[in-house]
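The next part holds the structures, each set out as C-alpha cells.
The two complexes that follow have chain A in common; it is paired with chain B in the first and with chain C in the second.
For the complex of A and B:
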C-alpha cells in the first residue's frame, strides 16, 4: 500500500477519535476529498519541478504514534533556546508533552490546538480563523487540514504582548521505525498585539521522520509578529512547511527561516496583504552539505495600496546539496505604490552542488517599485587573499566570508540569544573555530 | 631580509613582471614608484603570495627562505604584511574580532597559546591610540562603510597590531587627506627599526616626505629601470615619468 492509500484509510480510523458533529469536521472532510483527488504532488507540477517526494512515498510511515514517549529535559535541553525564559509548547512524536511545556492563559492564550478545536470557549475564534488563510486547494495543505487535530494555538488579544517569546518544539523519538507528523498551528495577533515565536522540529534518532506542517498566522491592524523557523534537523528527517499569513493595516510580520539540517525541506511561505501600509519581511539563511535538499517557495500577494515586502534569502551549498528558491510576487491592479523587493544570493562551494533560483513577478499595477535580483557565485578570491594575508588560514577565511555573506539576514533577528545560537550553529555547520564567539 | 632575483610573473599568460631584482635589508625603507600599469601592485601581491599570479622565473626569499611554496597565510606567519590598496569589506566581523582572529592564528602557527584577553585589549588600545582611532570604530564591521581614509588607517592599525618583519604599503597614501596622511605615516615610522623593513609603493612623492625612504626604485614595464636615493623621488615629482620612459628606450 502506498502512502496515499495508507493516509486515506487512516482517515477513517482518525474519524473514530474526533467529534464528527463539530463544524471543523466538515472542513476536514472537504480537505480529504481534495487530497484524494490530487494525491501527492509530482515533478510534473510546475511548483514541484525540483523537489521530489517519491522516496518519501515509498516509506511505510506510522501515521498515528502508538504511545507517549518520555523524554528527560536534560537530554533535550540543547534543542531549546534555554538561555532565556520562554513559553513552550512541546510535542513528542506528535503528542503534547505537558511535562516539557509551559503554556499560559494569563491575558494571552498559549496552548494547544486540540483544546481550541474541542472546547466551547474557543469556538468563536475557530469559526473566524481556522483554515481561513490556508489553501483549500494545495494538496499537502489539505492533507494536513484533513488530519488537523493537534499543534500550537496562540491567541494574543488586542494591545497585549506575551511576557516572553514562545517556543514550539516537535521531537521525534524514533519509537516508530518511520513516523509521519502533521502539526497544525494557529497564531492570531489581534489589533496592536505583539508576539515572538520560535519553531523547531527535532528528530532524536536515525529513524525516518516526515513532517507535513501547516501554520496559519493572522496579524490584525498594527500587530507585530516575529516568527523564526530553526531547521537543523537530523539527516533522516524531511519537512514540508506550509505557512500562510494574513495581514491587516499597518501590521508587520517577519519570518526568518534558518535551514541547515534535514534531508529534504520544502518551505511554502505565503503572505497575503489585506490592508494598507503593511510590511512583510521574509528572510532566510540556508547552509547545506551532503545530499541535503532545501526548497524555498515564497509568495507575497499585494492586494492593497501602499504596502511593502522585503525578501532576502542567502544560500551556501556544498558537496552534493541542492537548493531551490522560487519567489513569486503578485501586485494587484489596485495595489498602487507597492514596494516589493526580492533578493536571492547563492554561493556554490562544490562543483556538484546545485541551485535553481527563479523570481516570478506578476504586476498589474503601474505605480510600483519592484526589484528582484538573484546571484549564483563562488567566494571572492580577492577577499580570501585579504584574509589569508593577515595570517588567517584558507579554511577559516572561507568560513569568515560565508559568515559575512549570511550576516545581513541575521541582523534583523530581534532575540539576541537566538541570534547568538544561530551564529553558533552556523560556525558548527561550517566546521570552524574562528577565534571569537561569532 | 628580502631578496628578489630575476622575478618574472604573469597573470593569464600576460607577462607583468619581467625580471625584477631587489634586495631589502633589515632597517631599510624602500620606495617603489612608477606609472600606472608598471607592475607595482603585482609585485606587492606576488611577494604576499596571491595565487592569481604565476611566477614563471626567478625567486623571492625572506631571510634566506624561498617563499615559492608558501601560502599567503604562511607568508603572513613569517612576518610579511601587505597593506591593501583596496581593502575588502567583511560585514558582521568587527575590527576587534578580526584582529583577534588574525593574531591568534599567527600565534597558533608559531605554536603559541591564544593571547590572553586582557593583553589583547591592552594591545588594541595602545595601537588604536597610536593611529588616533576612535573606540567606536573598533566595533564596526571590518571596512564596511569606511571612507577611503578610514580603510587606509585601519590597514596601518592592523600592521601595527601584527608587527610584521616586512611591511609592504600599496598606495597607502591614496584617499588620505593631509592630517590622516601624517597619522598614518607616524604609525608606519613607529614600526621602523633595525629589525624591520618597509616597502612603500606609491605614485607620488607626497607620502615620502613623511616616510623618508633610504632607496627609491622606479618600476617601468615590469622592470626596475632606475634606483637611487630619496632625491630620485623629488626628481620624478618634478619631471614626471616620461623622461624615465625615454631614457629606457634610449
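For the complex of A and C:
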C-alpha cells in the first residue's frame, strides 16, 4: 500500500479518536478530500521541480505510534537550549510529554493544540484563527490539516510578553521502524504582544522519520514575533515545514531558519501582509554535506502599502548535497511604497554539490523598490592566502571565511545563548575549533 | 531626436500603428488546416528533396503528439491550428537583377516601412534579404558576398543549392521535437534565411532580413540557419513589422545559430509587430525558438528590442559547448496596453571556462504584463564557468506588472554566478529635474527610458539603434500617468 492510500485509510481510524461534532472536524474532512484529489506533489509541479518526495512515499511509515515512550531529561538535555530558562512544549513520538514540558496559563497561554481543539474556553480563538492562514489548497498542508490534533498552542493577549522564550521540541525515539509525524502549531500574538519561540525536531535513532509540520502565526497590530527554526536533525530524518504568517499593521515578524541536519528538508515559509507599515524578516543559514537536501521556498505577499520585507539566505554546500532556494515576492496593485529585498548567496565547496535557485518577483504596483540578488561562488583564494600567510591553517581559514559569510544572518538573532549555540553547531558542522566566540 | 515638441505630440496622438497597412499583392494561399498532405504539399511546392520532406513529416508526427505549453506567464486564446493557412507566396516570383524589376507596389510597401533598398545599398552597405509572406523576393549584394564565399540566401534556395550544409546542420541546435512550436515550425516552415560564412572570413557588412506578416490569416513560420565556420565573424540583423489585423496572427519562428571554433555571431533583432489596439484586440502571437551553439572559443551574442506583438514567448539561448566559449544576451522588452511578454534566455554551460552575460531590461506600461524568465545552468564538467545576470524592470502606472523568474542551477563548485534584479518606477524627482530644465514630461520619460535601456541599445548596430530608440518612444505613447 503506498503512503497516500495508507494515510487515507488512517484518516478513518483517526476519526474514531476525535470529536466529530467539533467544527474543526469539518475543516479536517474538507482537507482530506483535497489531499485525496491531489496526492503527494510530484516533480511536475513547478513548486516541487527540484525536490522529490518519491523516496519518502516508498517507506512504510506508521502514522500513529503504537506505544508510549519515556525519555530521561538528562539524555536529551543537549537538544534543549538549556543555558536559559524557557517554557517548553515537548512531544515524544508525536505525543505530549508533560514530564519534560513546562507550560503556563499565567497571563499567556503556552499549552497544547489538543487542549485548544477540545476545551470550550478556547473555542472562540480557534474559530477565529484555526486554519485561517494555512493554505487550503497546498496538498501537504491540507494533509496536515486533516490530521491536525496535536502541537503547540501559544496565545499572547494584548500588551503581554511571556516571561521567557518558548521552546517547542519534537523527539522521535525510534521505537517505530519508520514514523510519520504531523504536528500542528498555532501562535497568536495579539495587539502589542511579544513572543520568542525556538522550534526543533530531533530524531534520536537512525530509524526513519518523516515530519509534515504546519505552523500558523498571527501577529496583530504592533505585535512582535521571533521564530527560530533549528534544523539539525539526524541524517535519516525528513522534514516538510509549512509556516504561514499573517501580519497586521506595524507588526514585525522574524523567522530564522538554521538548516544543518536532516536527510531532506523542505521549508515553505509564507508571509501574508494584511496591514500597513509591516516588517517581515526572513533569514536562513544552510550548511550541508553528505547527500543532504534542503529546499527553501519563501513567499512574501505584499497586499497593503508602506510595508517592508527583508530576506537573506546563505548556503554552503559540500559533498553530494543539494540546495534549493525559491523566493517569491508578490506586490499587489495597491501595495505602493513597498520595499522588498531578497538576497541569496551560495558557496559550493564540492564538485558533486548542486544548487538550484530561483528568486522570483511578481510586481503589480509601480511605486516600489524591489530587488533580489543571487550569487553562487567560492571562497576568495586571495583571502584564504592572506589568512594562511599569517599562520592560520587552511582548514581554519576556510572555516573563518565561512563564518564571516554566514555571520550577518546570525546578527539578528536576539537570544544571545541561541546565537552561541548556532555558532557551535556551525563550528561542528565545518569540523573546526576556532578557539574563540564569533 | 530632431523633433519639436509639437511634432512629437502630434505624432503620438495620431499614432495608431504606424506600419499597419496592408499591401494588396496577389498571393497563392493554401487551404486552411494542417495534415500530412499539407506538409507534403508545402514541401513539393518548394521543390524540396525527399530527405527534407521526410524531415518535415517526422516533425509533424512528433508535433501531433505534443501539447501546447502552458507554463509561460501569459494568457491568450489558443490559436486554432486547423484555422490557419500554412503557405502563402507572393504570386509573381521572378528573380530580380535590379530594383526596377521589382513589383512597384512592393517597393512602395518598403518605402512606407522606411526601408529604401537603394539607399541602404549605398549608405549602410546592408544586404537585405526580404521575406514577404514567407518567400524571399529580393536579394541584394549577393555578388559582393559571393566573392568572399559567403552564402546568404533564402533557406529554400539553400535546400536546393547547398543541401549538404543544410542537411548537416538543420535541427542540430533546435531539434524537431524540441518544443511544440519548434516542431510545428519544422513541419511547415515556408521560408527563411540561410547564411554560411566560410573559414576565417569576416563578413564585411551587416546581414539583414526584414520579415513581414501579410495576407490575412496566414501564419508565418520562418526558419533561419546561420553557420559561422571556424574563425569567421558575422553580424546579423533581423527587423520586423506587420500590418494591423483584427484576427490574432500566429508567428512561430525557429532560429538556429552555429558558431564553430573561434567564430563569432552577433544576432540583433528589432521586433515591432502589431501589438493589438488600445483595448487589447488583435495583435500577433510571437512564439519563437532561438538557440545558438558555441564550439571552442566561439561567441554568440543576442541583442533584442521587443516592442511589438500581443503575446511574446521568446528565449534566445546559448549552448556553450566548447571550452572558453562566450554567450551574451542583451534585451529590452517594452509592453504597453494589453501586451504580454514572457521573454528571457537560457545559458547552458557545458565547456570549461565558459562565460555568459545577461542584461535584460523590461519596461511595462498600461495594463501589460512583462516577465523575465531565464535559466543559467552550469553542468558538472563546466569548470570555471562565469555568469553575470542583471534584470531591471521599470513600471509605469499601477495597472501593469513586472515579473522575474530566474532559474539558476549550478553543479560545479568553481562556478561563479551572480544574479541581480531590481524593479522600480521613474522617480518623480527625475521628472521634476527634467521639467525644471524645460523638458516636458513626455520627453523626460523618453529620455529616462533611453538611459535605462542604454546598456542594451549600445549593443545594437548603428542603423538599428536609431530605429530602436524611436520605437521605444512610440511604444510608450500615452503611458505617462
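Just so we're on the same page, the second predicted complex is superposed on the first by the 436 of 438 C-alpha atoms of A that agree within 3 Å, B and C clash if a C-alpha of one lies under 4 Å from a C-alpha of the other, contacts with A are read in each partner's own complex, and residues count from 1 in each chain.
Definition applied: a residue touches a chain if its C-beta (ideal position, glycine included) is under 8 Å from a C-beta of that chain, and two chains touch if they have at least 3 such contacts.
The model shown is predicted, which means the values in this text are computed figures rather than measured ones.
Q: Would chain B and chain C fit next to each other on chain A once aligned, or clash?
A: When both complexes are placed onto chain A, chain B and chain C end up side by side without any clash.
Q: So in the superposed three-chain picture, is A:73 touching just chain B, just chain C, both, or none of them (first/second/both/neither)?
A: After superposing on A, A:73 lies clear of both chain B and chain C.
Q: Of the two partner chains, chain B (first) and chain C (second), which one does A:396 touch, if any: first, second, both, or neither?
A: first
Q: Could you tell me if A:99 is touching chain B, chain C, both of them or neither one (first, second, both, neither)?
A: Neither partner.
Q: Counting touched residues of chain A, say whether chain B or chain C comes out ahead.
A: In the superposed model, C touches more residues of chain A.
Q: Pick one for A:386: touches chain B only (first), chain C only (second), both, or neither.
A: first
Q: Touch test for A:336: chain B only (first), chain C only (second), both, or neither?
A: The second partner, chain C, only.
Q: I want to verify one number: the closest Cα approach of chain B to chain C after the superposition, in Å.
A: Result, nearest C-alpha distance in the overlay: 13 Å.
Q: Which parts of chain A are touched by chain B and by chain C alike?
A: none
Q: Quick one: in the complex, what on chain B touches chain A?
A: Residue list for chain B touching chain A: 45, 48-52, 71-73, 75-77, 80-82, 84, 87-88, 90-93, 97-98, 100-106, 109, 114, 141, 158, 162.
Q: Any idea which chain C residues touch chain A in the complex?
A: 71, 378, 380, 393, 395-425
Q: Report the residues of chain A in contact with chain C in the complex, numbered from low to high.
A: Contact set of chain A toward chain C: 46, 333-334, 336, 346, 348-378.
Q: Which bits of chain A are touching chain B when the two form their complex?
A: 380-383, 385-394, 396-397, 400-401, 403-404, 407-408, 410-411, 434-436
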